[in-house]
Amino acid sequence: MNAVEMIGITKRFPGIVANDNIHLTVKKGEIHALLGENGAGKSTLMNILFGLYQPDEGEIRIHEKKVTITGPTMANKLGIGMVHQHFMLVQPFTVTENIILGDERTSSGFIDYKKAEQEIQKLSDQYGLKVNPRAKIADISVGMQQRVEILKTLYRGAEIIIFDEPTAVLTPQEIDELMAIMRNLVKEGKTIIFITHKLKEIMSVCDRVTIIRRGKVIDTVNVADTNENQLAALMVGREVSFEVIKEEAKPTRTVLEVKNLVVEDQRGVPVVNGLDLEVRAGEIVGIAGVDGNGQSELIEAITGLMPIKQGKISLNGKNVAHLKADKGTRARRITEAGVGHIPEDRHKRGLVLDFGINENMVLQNYYQSPFSKGWTIQYDEVNKYANRLIEEFDVRTPSHETLARSLSGGNQQKAIIAREIDRNPDLLIAAQPTRGLDVGAIEFIHRRIVEHRDKGKAVLLVSFELDEILKLSDRIAVIYEGKIIGWVDPKTTTEEELGLLMAGRAKKEGQ
Amino acid sequence: MKKRAWLSLLLSSVLVLAVGCSGQKGAEGGGDKAAGFKLGLVTDTGGLNDQSFNQISWEGAKRAQKELGVDIQPLESKRDDDYIPNLTKFAREKRDIIWATGFKFEKVIPEVAEQFPNVHFGIVDSNLGGKIPKNVVAVTFKEHEGSFLAGVAAALTTKTNKIGFIGGISSPLIKKFESGFRAGVKAANPKAQVTVAYAESFNDVTKGRSLAKNMYNSGIDVIYHAAGGVGKGLFDEVKTRDKGKYWAIGVDMDQSGLAPDHTLTSMVKRVDTAIFNITKDLKEKKLETGKEVQLGFKENALDLAKSQHLKPDVMKKIEEYKQKIINGEIKVPKTEAELASFK
Amino acid sequence: MSQLNKQSTIVTALISIFLGIVVGAIAMQLAGYNAITAYQALFQGSLFQAFDLGETIRTTTPLILAGLSVAIAFRTGLFNIGVEGQMIIAQLSALIVGIKLNLPPGLHAIVAVLVGGIAGALWAFLPGFLKAVRGVHEVIICIMMNFIALYLSNVLIRNWLTESGADSTPKISPNASLRVDFLSEMFDHSRIHLGIVIALLMAFVMYYLLWRTKLGYELRAVGYNPYAAEYAGMNVKRNIIVSMLISGFFAGLAGAGEVLGTHGYIAIQSAFTGIGFDGIAVALLGANTPIGVIFSALLFGVLTYGSQNMEHMAQVPPELIRVVVAAIIFFVAANISGKLLDVVKTKRRAKES
């Protein structure tokens, strides 16, 4: 029996066909992956299934009955639930309150919290979710919040659950746990549609996979009959290399030197606490560590976005720690001194989402010639420049005026990387440069970062993906509680060694 | 497809409006030439139902309609901005007399009058600083004289010898009330003291009430007000107090309806009589415009309202003073300076 | 894509206006008035004759400037609810220049207008400064500044600017007046004045500033995403202050226009005129774009001025027009039209399939 059939679905947006005559069949009780690059049309298709968009053509059958899904409420009634990439939870509410929000079952006019709580507890136990119904959302981890989203769909009686890139926000361990939960769900008779671009996850948990490229279905295959390389090729449309090809680093002079740096957060707690670091021209230094050990603050301090309590930061031998902002801000002075910064959160820092791509491309140098003349901005020059970068860095956008908001994550990231690399900075700081991106985009970005190194520039890489750190770095520094507690050589180290260091076991003791 | 649907919806709505507008225009054209004398009345921002000045003015217009067959129409001003358009609207309809109620119009009347030299305007409560255009008649009242009698009534009623006066915005006009009132008190009962307070507003009822409350609490037992809507607060307050012990005196019209058991009397400005009389004179072409018309007891334009609370001997005294004022024996002060030299 | 967004804003606005008018009509019918007659009177009374057209434009003038003032602050992520107070202070300052100085015609008016604009900007400086430096919410400061402005203005008028405690000031020198004969005559002696030229000019200035200059680029970046602006090395605090200064300047010009063009004097006010608050609605309906503000201000001007005639000719209380205005704002703010469009789309699809 088929749980979902989408037949000949076409959805057009101005300037783009997001879904082009798509056929998708999901059998009851399977985990069906929807694989595609960023912007391939996976999310659009699922939003259609969830009733958020209406298709221009085509029909949908749920449990072999033809339906028109007018909105999420209707989707819920049909037994379709969706776990969004960005959680839709009210932070100060408890788990129970969040789950019943919009589906409050009342007895004589009052919400029966007790009953709801019991029911949620029961569901949680049944599927092994281990969620405490009374906890406040603000107090629980991201992984736990995601399980609340899963519970939300179960509470509404979902039979078909759509997961929209669920692992993008999770730690490796949380990912393993999620995979187990998904298996449990299927065992209990649920059907899962799993949107992803991570091949490993597909191989480990899915039954079948439908590959979508540029709005069209390329193929549907049994996971048992395929492998990662084949899937990657189907998704990107060419052979993809998983290895980063790079030559031996030839480091020269010191570009960045950090000595005894102390940075305090808003509460006055030192989050970077006596950190030393050196990055030389022609090498990539990777910083490995568990999230929250001072990585973000280190970067913000180096780039002038956070005040420094104590210590020294020098760039090309010049101290910039207390650079006076006599003209513009400290951040600007440091940028001008030759620092490029790919920020960890592209939506928070990296882009003005409601600006066009053109305006975003000059975010760091709009005030310089030729982009500005007197007090005006020379939009002709800006557009010319933006078009060149769009071309060069393969940013897929209908035009240079398109709002950054409407691009896919991968293309947004490519735009940021284009902007930061094209200025040819002596030091490139790349924080989570490939978070949430597909293999094609990751390959592209990795190549660009290595190219930048090969031009004789320094690169500081921060990533929570051990894979990425190991592949790209020439040297790896492990950060723990605001200090570098050890340096390792990526060619000789193992994931185990790194893991121990990241957990705070200093190298000396370990050996 | 959908775009066209919306477009047609919008277009049709515009069409309805357009057709409607043109239809109205034809209908209105005929009215202009209708024979007869026409009156327009523009209120200040208080509106027609202010239970005070505007309302009583409108009474006069209605009397003119009833007795003289005059066509009448009011226009209420919502903001100060509206004065000129409203006056102009009537002027363009070539109304024979356009009344502007209140001194707030004194800046705009000359401007509009100059533009429409063939239309007559009347302004109540202002003499336009003495520069009255040819086609304007400025009606003022000898409020000081009426207030004098209110002062007499208060002075002869108080038990505590403490009397209050609440003014609206301090201006020469309201000073006239105050001076007359204090002179009246002084004349009838030299021992009585008058406390004066200004609300600096003509419509802040709450302010009026709190001023009244303070006065009564300090031992004052009779309060006279010349403060428009602020006065409502005075009546709200006095109502809550002992009957026969605390009194309020109203202004402009008989305000006893606001607190029947506590209203000693009211200083009635017969704005209605004034508007009626002058409209009548103008209709019968007996009036020369371009000058100030001052109205007082002689013209029956001022009086104290009849009231059961005024004792006969007090009434007698009031009548005596009234006669003295009419025959010129008493010259009631209009300003602070004149008050200082009064008697 | 961006093209589409722009279009849908216009469509949204038009639908909201239409729905607002319908709601007003229903309210009138329920209150026992003839809605058709009322709307006839409304539009006829505000547009069909030169005098009325002039007065409508006169009513529209400060609404445009107030709308621009709110809009430019919105663009930088600030809510300038203090337009009212900035107008009052500007009005007072322009009046003082108009009365106390003695300058040749033309120059006198220019000086008075500029002083008004600067006064408005300075009045807006404090909320901007406190927001930038101390993080105090600008709405709170602005509201308090409104009351300070109102009562300060009343005190100064009573005690300094009027002779013997009258309730309004003397008239400004004719040299400082913004009224010009040819405009007045063209519009049958209505009070239309050069403020409309200033307003339209400022709409262009706002467009040029925001979308053509470095400063505008920064202001918009700060408004959309202050974190990204900080990342780009912009001085976020300075931009907040500058935005409030410009916003206050526009508000100041609105106030100056009112006193130098419309009234020529100031009377003691016991309450706000409401033009500043209408400016918020104008900006909202105009989607914070200069051209949108001009048209929505015109609509508000027609409704405000025309409502007087509605009372005159159709005996409908002008308060009902506030119902229309409120309904329009409601429909825009709640994006009802967007939702309606969705429903229509879905229905049509359901029918086709």
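Miscellaneous remarks
In this document, chain identifiers A, B and C correspond to the written order of the chains, with residue numbering beginning at 1 in each.
Throughout what follows, a residue touches a chain if its C-beta (ideal position, glycine included) is under 8 Å from a C-beta of that chain, and two chains touch if they have at least 3 such contacts.
Which chain is which protein? Per UniProt: A = Simple sugar transport system ATP-binding protein; B = Basic membrane protein A; C = Simple sugar transport system permease protein.
Everything quoted here is computed from the prediction, not taken from an experiment.
Central chain (C-alpha centroid nearest the global protein C-alpha centroid): C.
With centres defined by CA atoms alone, the chain at the far end from subunit B (Basic membrane protein A) is A.
Rounded to whole angstrom, the centroid-to-centroid distance between subunit A and subunit B (Basic membrane protein A), based on C-alpha atoms, equals 74 Å. For the pair subunit A and subunit C, the distance between C-alpha centroids works out to 43 Å.
Separating the centre of subunit B (Basic membrane protein A) from that of subunit C, both taken as means of CA atoms, is a distance of 34 Å.
Not a single residue position of subunit A touches two or more of the other chains. Counting partners per residue, subunit C has 345 as the residues that reach two or more other chains. Listing the residues of subunit C that touch subunit B (Basic membrane protein A) in their complex gives 11, 14-15, 18, 21, 36-37, 39-41, 43-44, 48, 51-52, 55, 59, 154, 158, 164-168, 171, 189-191, 262-265, 267-268, 270, 273-274, 305, 308-309, 311-313, 318, 341, 344-345, 348.
On subunit B (Basic membrane protein A), the positions that touch subunit C within their shared complex are 1-2, 5-6, 9-10, 13, 16-17, 20-21, 23-25, 28, 73, 75-76, 78-82, 84-86, 88-89, 92, 103-104, 107, 115, 169-172, 175, 200-204.
For subunit C in complex with subunit A, the touching residues are 1-5, 212-217, 220-221, 224-225, 227-235, 345-346, 349-350, 353. Of all residues in subunit A, those touching subunit C in their complex are 13-15, 54-55, 59, 68, 70-71, 303-305, 328-329, 331-333, 335, 341, 343, 348-356, 359, 363-364, 366-367, 372, 375-377, 379, 398, 401-403, 406.
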